[in-house]
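Two complexes, one shared chain (subunit A), two partners (subunit B, subunit C).
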Partner chain A sequence: MLRTSLLEIPTSIIISFLLGFVLLLSLGYDPVNIYKIIIFGSIGDPDYLLIRSTPLVLTGLAFSIPFLTGTFNIGGEGQFYIGALLSLLAAYTTKSSLMAIAVGTMAGGVLGALIAIIKVYRGINEVVSSIMLNWILYFSILFSITTFLYDPLIPYQSVPVPLDARLGCIQILGERVPLIFLIAVCVAFISYYILYYSRIGYCMRVSGLSPKSARYAGFSPELSVITSMVLGGAMGGLGGSLLVIGHTYTIDTTMSALYGMGFAGIGVGLLGRNNPIGIIFSSIFFSMLVIGGEMAELRAGIPTELADALIGIMVIALSMPYIYRIVYTYIRSRK
Partner chain B sequence: MIEDVLGLLSSTLVAMVPLLLASVGEIIAERSGVVNIGLEGIFVLSAFLSALTAFYTRDPYVALAVGLLVGFLSGVLHGVISVYLRGDQIISGVGFNMFAYGISIIGLICTWGQHGASPIVAKMPFIGGGFLFFSPLLILSIIIAIVVWYWLFRTSSGLKLRACGEDPRSAEAMGVNVLRTRFYATLIGAMLTGLGGAYMVVGWIGQFTRYISAGRGFIALAIVAFSGWNPIIAIAGSMIFGFFDALSLYLPVKIQLIYPRMNLTSTSYVFRTVPYIAVLITVSVAFRKGRMPRDLGRPYIKE
Partner chain C sequence: MSFVELRDIVKVYPDGVVALRGVSMEISEGEIHGLLGENGAGKTTLMRILYGEIRPTRGEVFISGRKVSFRGPWDAIKNGISMVYQKFTLVPTFTVLENLYLPLALMEKGTSIDDVRKRAERLLDELNLRVPIDSFVEELPVGVQQRVEILRALLLKSKILILDEPTSVLTPIETKELFRMLKELKKAGITVIFITHKLKEVRELADRITVLRKGMKVGTVNAAEVTESDLARMMVGHEIAVVQRPSPSIGEKILEIRDLWVKDDRGIDAVKGVSLELYEGEILGIAGVQGNGQLELAEAIAGMRRIERGAIFLNGREITNLPARLRYRYGLAYIPDSRSVGLVAEMNLTENSVLTSLSEFIRKGRIKWSNAVRRTSEIVDRFNVVTPSLRVAVRYLSGGNQQRLLVGREITKEPRVLIIAEPTHGLDVAATDFIRKILLDFRDKGKAILLISTDLDEIFQLSDRIAVMYEGRIVGIGRNEEFSPEKIGLLMGGVHAQDISS
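And then the complex of A and B:
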């Protein structure tokens, strides 16, 4: 398992960078220069890199925790939106970051539960209901920000998070570390513990591998699906919450800082092999791509959507573990 | 009043075409056992490339052909991955959606230097006039739906295709080449979706925009489940969701006409949620649980 992963992860990254190379070349850009910007552009400011990785750790978990029970949480996007909006509201009214985090996390969890209940009791594929919820929330949040929550001084963004509720950096061994990243890492470790060392996690994993065995063993696979979606949704909500109180402090009226985070989380989760610890590393890699993509837009004029295309190719390349297993067996037999 | 009804009816007939094409295509693919979540991506990519074609050739019909071709190539990709390489169909589709969105927006920005929308391109004419009009592709798509229904449920090759989705092992024993059937079904499904994507540009909106598809690929997937994998019911399903789609664009315009002093730019966001809420409520509350093809989404492993 681990060995095929070692083959799979670099291969998918290489395939995506190679295809991206061809794409850039055909559009008339200098791929070597752009890749240089993408790879080295983001390393200059480690604080910023970790801040940008934080939401991705959580949307990655939002995808991967339900994935263990065989559920596809494509709704990370919507859970992220609602977490961001409600945390902003909570922070604005209570001036407490703790309150903001709690509200955002709970909202995401409720949304996850809704998707799971529609799946379990109505037999509707979670992908369809997730995407509908994503769009409903996208437009509702645009509406609430432009109608009620806009900042009278800066009309293109929402009211800001009050200073008391913002989370900054703390000093650890002389290094500045963003508090929100620390929270994300702690949550990832807690998730790892829950998934692999607790009864809930055990039930979830058995239900994912074999719903029948779960039923014979006396626990309900449906309940596991719902639990995993509540946990996953809560992660998505927490991601939105941390983004607002620890990085942007406001939501702009085009939602540009929010859009796409949930979808990127799918790539983060898959590249991290759905392992919470792996997700921490893959989210740092993804935020390198995203920051690098933004730098490349500034310096070379290539649209930031390059990062989307590269991530998409990576996800496609990660969808066929069978190939890697064949190749791996072939390499083994040759030795 | 009468022109409102006719206007809404026409908008419904215009909006239902891509939904119908994609959902009928997806019914073929899912009946054979392959689920393609990448409908949204095919819509976006085919819309972009057909806008590009229509922009340079000024011929909407060439653009439709390009849409079919984009669908074909996406179908080859998804078919190879999910049928022959035994990949995870959902992950492959999700990845394709991201890739197609990314590459179409890069194309939009690199070709026209615009971040939101392409220039207006040549469009196909509508049939009819005044308040009642529809696209020739509407008739084509309804004919396709009926023919596909006949094929799936009244011919022996349709029966074999359904067997691949229900019980591939028995189908194989019957002498059906399961892998090839599934591959072709995926191809046909993706091509119909590609046609729908091209229609959004040259048959309907007249330009490519960043959020041109806005989840319609997923609405088509909802219609597939709603129809119980039956193309005839998918016509009704597409009409219902096409109506909500039309309503969401029609209401703000109408309200603005009645109350000219009201500022509707932000309120129109509320109306944009209508089709998605309608889909969510229909599938989660008002609809009987359908029976999906038994082997849907599982790779077939030949012994």
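And then the complex of A and C:
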């Protein structure tokens, strides 16, 4: 497994570079310069890179933990929104970051549970219900921010997180490290422990790989699906929570800082091979590309869409062999 | 010149399984021809070759003296051959008429749905049949759905109709209806090939019967000239080599099943009032043709399937409604017939070795993988599992090694009762002997084994007592020596014990 990954990753990166080169050349840009900016542009400001990676670690987990039970959580987006909004409210009213984190995480977990329960007991496909919930939440939150929660001084933003409830950076070995990134890393390690060293993790993995074997062993695959969605949803909610209390401190009325984090988590999860530790690295890598893309727009003047396309090519190339393998085993196990 | 002739058909599947070892048979025009044999005799494979669905490795097919080589079922259909499977191929949300129209629209360009309606109604009149032509298929009973399948075949102008175990899904009344219909078809000049393992039915319906055994033809006989006993003897065959087994030392009663009723996945009664007792130190073999409720019985005992009625006692304690995990803790172990259920193919050996006894390996909420590794290497050593390491996914192991791991895992738990289904299915000779020896040793240690197998050699070699299941009931039970191959064949074919003695 490790050996195949080590072979796959460099091959995928080389292929994506070649494709990107052709694309840039054909549009009349200088590929070498642009790739230089994309790759090295983000490294100059490490704590910003880690802050940007934090929500992705969590939405990556929000996708990958349910995925291990064979559940496709595309609802990370909605769980992220609800986590962000309720954390903001909790922080605003209680002025406690701990409270904000707890409320945001729980809200995400409840949302995940809801999706799982209607899947298990009513047979409603999680992808359909998740996408519907994503949009319901998107517009509900937009509505509540523009109607009730806007900041009277800056009307295009929500009320801010009070200073007491904000999380900043701490010094580790002379380096500034964002607190929210440390929390995300700890959560990733805890997730790893749960998945590979606890009963519920083992049950979830067996249920995902072979529901019949799970029933034979006396586990309930349905319960595993629910557990995994509660955990995954909680991760999404925590992601939204950390973004608000550790980075943006507010939600803008276009929700541009929130939108797409849950979907990006799917790419991050697959890129990290659905392994919580792998997800830490894949989210840093992904953020590097995103920041680098933004830099390339500024410095080399390429359009946003082109920067997104370059990132997209790279993520697709890196995920392709893995997606192929899991789809293959998924189909085989359901036969 | 015969109507259909199969000459020297050999079929070797890509995985090396030899399904047919040179079978020749002839079918005359307008007869009902029974094709009889046990599981794995090659009946269905032979007919799928005639239907063009699979290609023979060697051998030739002649129709009306002309050599044919079908590229697929559509080729066979054009040549007037249709096959009706146990699982139907109708679109459940279409009406009967739409289902009839579907293949005709593809085969005959320009046919309208009204043409099909007229032709179908005329055909139903001729055959004196009733099919509600505008009903949705999913709302029809199984027997009527089957009639629709046959009707569709006739509309495609089939001259030869192959039916694969057609009565296995039918109630007795539906079966009677089907037989009446087939006799009508025969009058209309249609040739019917009828695959079955039920002795009574084949003798009642068929004109001639061909018996297959282990990929070879035993013979073709006229139905009127043979008894059910003759057929049973042909089907089961040779005297089974007696293996020297130390006589069992029977202990306490350990498992008791009282009047058990269980439904299958479709919600139909699969186990109908089974009562059994199992004693320490014995192997009780459950023989029977596949699909007669044996697997549902095993799953019900193991706690994987809901029990509708009846009770199960393990060592005096009622376990009827306990979850599987508790049953395992009280000393029951179950090895399912399918290795893809008993093992998780994508997980490694160590992860698989804790599947059914996870609690043993948990200390303070944490799985002690070091203990699991120790257990796994113990299983690997003791049961000669050949593997490059304990960390490879079990799907990379051969079937024999997977089975050794699976059996090893359950036996290492030292259960008091072991339920094992098809323990040597698909294994080579060495692995088969090894697994059988393990089971006998386990019995000699005073453990109780309930063995479910469709392989009669295995039943005779291992069992101290034998019970035969047919259509969800135990139709005969006794000591190994009380059963002759002929008697067991009759019981498996649905001839009741009282009929045999009379």
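In this section, the second predicted complex is superposed on the first by the 291 of 335 C-alpha atoms of A that agree within 3 Å, B and C clash if a C-alpha of one lies under 4 Å from a C-alpha of the other, contacts with A are read in each partner's own complex, and residues count from 1 in each chain.
By our rule, a residue touches a chain if its C-beta (ideal position, glycine included) is under 8 Å from a C-beta of that chain, and two chains touch if they have at least 3 such contacts.
These numbers were taken from a predicted model, which means no experiment stands behind them.
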item: Which superposed partner A:Tyr202 touches (first subunit B, second subunit C, both, neither); value: second
item: Touched partner set for A:Asn33, first subunit B, second subunit C, both or neither; value: neither
item: Partner chain in contact with A:Thr250 - subunit B first, subunit C second, else both or neither; value: neither
item: Partner chain(s) touched by A:Ile323 [first = subunit B, second = subunit C, both, neither]; value: first
item: Touching partner for A:Thr94 - first (subunit B), second (subunit C), both, neither; value: neither
item: Residues of subunit A touched, compared between subunit B and subunit C (which is higher); value: B
item: Which of subunit B and subunit C A:Tyr216 touches, first, second, both or neither; value: second
item: Subunit C partner contacts - residues on subunit A that touch it in the complex; value: 196-199, 202, 205-206, 209-210, 212-213, 215-219, 329, 333
item: Parts of subunit A lying in touch with subunit B, wherever the complex brings them together; value: 23, 27, 72, 74, 118, 122-125, 127-129, 131-136, 139-140, 142-143, 146-147, 263, 266-267, 270, 302-303, 305-323
item: Contact footprint of subunit A on subunit B as seen in their complex; value: 37, 40, 77, 81, 85-92, 94-103, 105-106, 109-110, 214-215, 218-219, 221-222, 225, 265-267, 269-270, 272-273, 276-277, 279-280, 283-284, 287, 289-290, 292, 299
item: Sites on subunit C touched by subunit A in the complex; value: 302-304, 323-328, 334, 336, 338, 340-347, 351, 354-356, 358-359, 362, 365-367, 369
